[in-house]
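Worksheet: the structure to be examined is printed underneath.
By written order: A, B, C and D. Residues from 1 in each chain.
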Amino acid sequence: MSEKKRENCTVVSQECIAAGIYSLWIQTEKIAADAKPGQFVSMYTKDKTKLLPRPISICEIDKEQGRLHLVYRVTGENTGTEEFSRLQPGDTLPVIGPLGNGFPVEKAEGKRVFLMGGGIGVPPILELAKEMNCAEKQIVVGYRDCHTFLREEFEAAGTLYISTEDGSVGTKGNVMDAIREKKLQADMIYACGPTPMLRAIKQYAEENNIECYISLEERMACGIGACLACVCKSREKDAHSNVNNKRICKDGPVFLSTEVEI
Amino acid sequence: MSEKKRENCTVVSQECIAAGIYSLWIQTEKIAADAKPGQFVSMYTKDKTKLLPRPISICEIDKEQGRLHLVYRVTGENTGTEEFSRLQPGDTLPVIGPLGNGFPVEKAEGKRVFLMGGGIGVPPILELAKEMNCAEKQIVVGYRDCHTFLREEFEAAGTLYISTEDGSVGTKGNVMDAIREKKLQADMIYACGPTPMLRAIKQYAEENNIECYISLEERMACGIGACLACVCKSREKDAHSNVNNKRICKDGPVFLSTEVEI
Amino acid sequence: MNMSVNIAGVEWKNPVTVASGTFGSGEEFSEYVDLNKLGAVTTKGVANVPWAGNPTPRVAEVYGGMMNAIGLQNPGIDLFCKRDIPFLKKYDTKIIVNVCGHAPEEYLAVVERLAEEPIDMMEINISCPNVNAGFLAFGQDARHVEELTAQIKKIAKQPVIMKLTPNVTDITEIAKGAEAGGADAVSLINTLTGMKIDINRKTFALANKTGGVSGPIVKPVAVRMVYQVAQAVKIPIIGMGGISCAEDAIEFILAGASAVSVGTANFHNPAVTMEVIDGIEAYMKKNGFESVKDMVGIVK
Amino acid sequence: MNMSVNIAGVEWKNPVTVASGTFGSGEEFSEYVDLNKLGAVTTKGVANVPWAGNPTPRVAEVYGGMMNAIGLQNPGIDLFCKRDIPFLKKYDTKIIVNVCGHAPEEYLAVVERLAEEPIDMMEINISCPNVNAGFLAFGQDARHVEELTAQIKKIAKQPVIMKLTPNVTDITEIAKGAEAGGADAVSLINTLTGMKIDINRKTFALANKTGGVSGPIVKPVAVRMVYQVAQAVKIPIIGMGGISCAEDAIEFILAGASAVSVGTANFHNPAVTMEVIDGIEAYMKKNGFESVKDMVGIVK
């Protein structure tokens, strides 16, 4: 009972790793110990006029040192993420987590797998790739242009394929184009990224009868399943809501692609 | 036209000079050049939920270096003044000023004068004392207890008499008690402090037919005479308001004691 | 020192509950909050049948608060009675069930269904501005409020709290309607109707266009309304709207609220209710109040 | 690019004016702002005779905004015409005189007196919540608003803007009343009625107990009302309530305001109007808008 809390985490390090993309390591009391790939944390600003949490996916988990790696994009001026980008080592940051269900990493065993990430959906794929034990680990990540990030980490974790919208690195186009170009095959897909990308992957998976897990996004208020802000349409009547709605923060963010409509 | 502006002043130094009392020097572009004793500035917080100005009297003016000395009390937790108290040299602070009319220092010439300050009304008396040219400069300041401040500065500027409520320094009681105890005499009074003190001084001055200037306080919104928040009752129908109201921020904060009702 | 309050015959151990819709049915928050410490748990609104709610985005952040247009998504009274009430019964706290509906019959169906359930009070939401039905203006008309209250009171087995909307010309008229209809208490305020436009995307921030504004920014309006209602009716008031700390809660109590609800602040800090309760106790100690009821409405 | 707007036949050089009561009659602010750059100056409310206003404290800070109960202190129309209009005439901007009164006769006396004055528009404040008179509810009743508007229109020589209070159940009813009475434009919102209690001193923060809430915290309600009124009437809308930057102003324009007023923000930064004007221009450039009127009400 009441064993979770909003932790005041300490910033270990922060770095800008690409235009507008920040890499943040924080020290947690308990969150890292419980965290799984595909889960997220809620970060809170110190600006007293910004009260809602910023959900950010977990990029890497260092269980030994009790640290989390978070990679996020600054979305604009006067935003919460801009405030986060000014955090210095030693500063504190209120965080709740780990939240959500995470990717079912164990299901990959013995399978040929696509780990697909697009844009700011790339980071959560990293911890997943690191923890995954499978027959063929094909990491397919898409960026807008040559400002790629986390490349070395991905190269260390599996076979890396890159797509860029402008063609400056790897396949020109998106992650689906990369798969087609390289004629890659899989029995299992894990994906995180913008909705159009997930929609294409979901369709591809269903057409090819591939088990596929996708991580969704929606505006949140509580982040813990209580307010019903962050729902998506589910194919079946959901056991919790008793209607065709699933909570992305609690029942997700990761869903079996056939469960949800996007 | 539009030659005044909200200046982003730089903090030169800040020091806690008594329990909860802070001494702040700021570098100004233009405010110090125009400032007179008894005028005030409006200080703005960086907390986006606190929008109104904090009026703070000018304690000392360094025209040569373009600096202002402000001495203020932190009024409680989560207040604007608490935020100010955390300012470090090099930090910036939005300020408007100088505001208000100030003390008519020239009227003291050749006179025996009381310069009276009570509590956080003590600081503005300092610049007044320094600029005043008069026959007898009797500075009478009242504090709550032994936590006095600006004493050395006052000693350098005139003859200093102190009262404390608990009797730990000087006369036990208030500034009026000090005058009575020391049997001091004056032809002219300048005073700043809490309303009960000003009320007593006003009565004393009127009974003894002494010209007396008092500096008043009220809640402000604009600080520049436009909103009519900060009025006090005036004896005569005021030329600006056309009713018996004077604006403390613009027509004051210093008034001839017989002009106003307090 | 006595932290307990008696609201329409129900004894809460302290004057703090949560605002409906911001706490689910307590389960999700029970990981962060010891529900036994709350004066009461107020549940998310429940209707006679499941409601799917509005399309997303359902929430938007605004300066110092938020807007929501959840649209009263709820699993319906049957699942609610089977799952949520038994969950809450495990805790030593009072249970207030928030009830919503599109029409009197729908409210009455829920109230009737609740009669045999082990709940302590019910709160009737006649004010949710997010449901696009002709019924919307219901909570904005004193006569309608009186009528619905009377109908509900006829069949309710638990004390009835009528929850008022602030989107009215004169809140005291509505409160008097509830009292005249026999309400045991009123709670206020529900959300203020607002709108946010995304000037870059040139569209509404919420799919529903308008939404209910809540959080610290609504507090001055909420305190005013609680004060006005306290002068107008004799039944107890549960005050809410922007309470984020003990000082806020005390402001409502001094204005005339017998108890308070914490809403949006739970999203910023899930354990905030615990701090509010402790802070009220500390204030009472410091200011020499023996009992919460000695503070209620003393600023007049 | 065309920044000018035409409000009821009066051409402003840009869509930005100041909210009545936050800018005096412009004189004090003229040290900080080049009045020639404003679309219009809206003056503090003026009555047929001088008003003394409320006791102090008249203002209080609240989270993200303020409350005021100035009580419409003003020097009366005679001194106003002698001093304030000639002052404003020195500038190349439009003059909008805000008019207040306790009763129709008092409004009419001012409007009549203004007929021969060189002002451009008048704004009728039927909404100030701070005057303790039976007349208070006037701006809260559509029929009364229609009647007063019609009476004023009969004698007014300048376009008449009716300024609406947000403290009503349905703002569109009031706006329609103004339109039916012949109003040339409406402006909204005036302040939301609020209250603040000082829990340490156990008293009201304002001598008047209640006050009008303004500043960023009222913006979501204000945008919603501007949007609703834009769907309900054909006359132009001057939008206000919490505008502190160009982005805020643009939100009102996209919602349906033909012009905007900056109020409380002037207290935080006296030159804020200049930033708002420049920011609107920058937005238009970036988003390819040729004219302000191409932005008005495009979010539907």
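Throughout what follows, a contact is a pair of C-beta atoms (placed from the backbone, for glycine too) under 8 Å apart; a residue touches a chain by one contact, two chains touch by 3 or more.
Everything numeric in this text was worked out from a predicted model, so none of it was measured.
Listing every chain that touches chain B and chain C alike gives A, D. In terms of C-beta pairs in contact, A-C outnumbers the other of A-C and A-B. Note on chain placement: the centre of chain A and the centre of chain C lie 35 Å apart, centres being C-alpha means. Annotation: 34 Å between the Cα-based centres of chain C and chain D. Centroid to centroid, with C-alpha atoms defining each point, chain A and chain B lie 58 Å apart. With centres set at the average Cα position, the gap from chain A to chain D is 48 Å.
Across the assembly, chain B contributes 48-49 as residues in contact with two or more other chains. Multi-chain contact residues of chain D (touching two or more other chains) are listed as 63-65, 216.
Chain D meets chain B in the complex at residues 21-24, 28-35, 44, 50-53, 56-61, 63-66, 68, 70, 73-76, 79, 215-216, 264-271. Those residues of chain A that touch chain B in the complex are listed here as 47-49. Within the complex formed with chain C, the residues of chain A that make contact are 1-6, 44, 48-53, 94, 96, 218-232, 240-245, 250. Of all the residues in chain C, the ones that touch chain D in their complex are 62-65, 67, 137, 140, 167-170, 192-197, 199, 202-204, 209-210, 213, 216-221, 223-224, 227, 242, 247, 250-251, 254-255, 283, 298-299.
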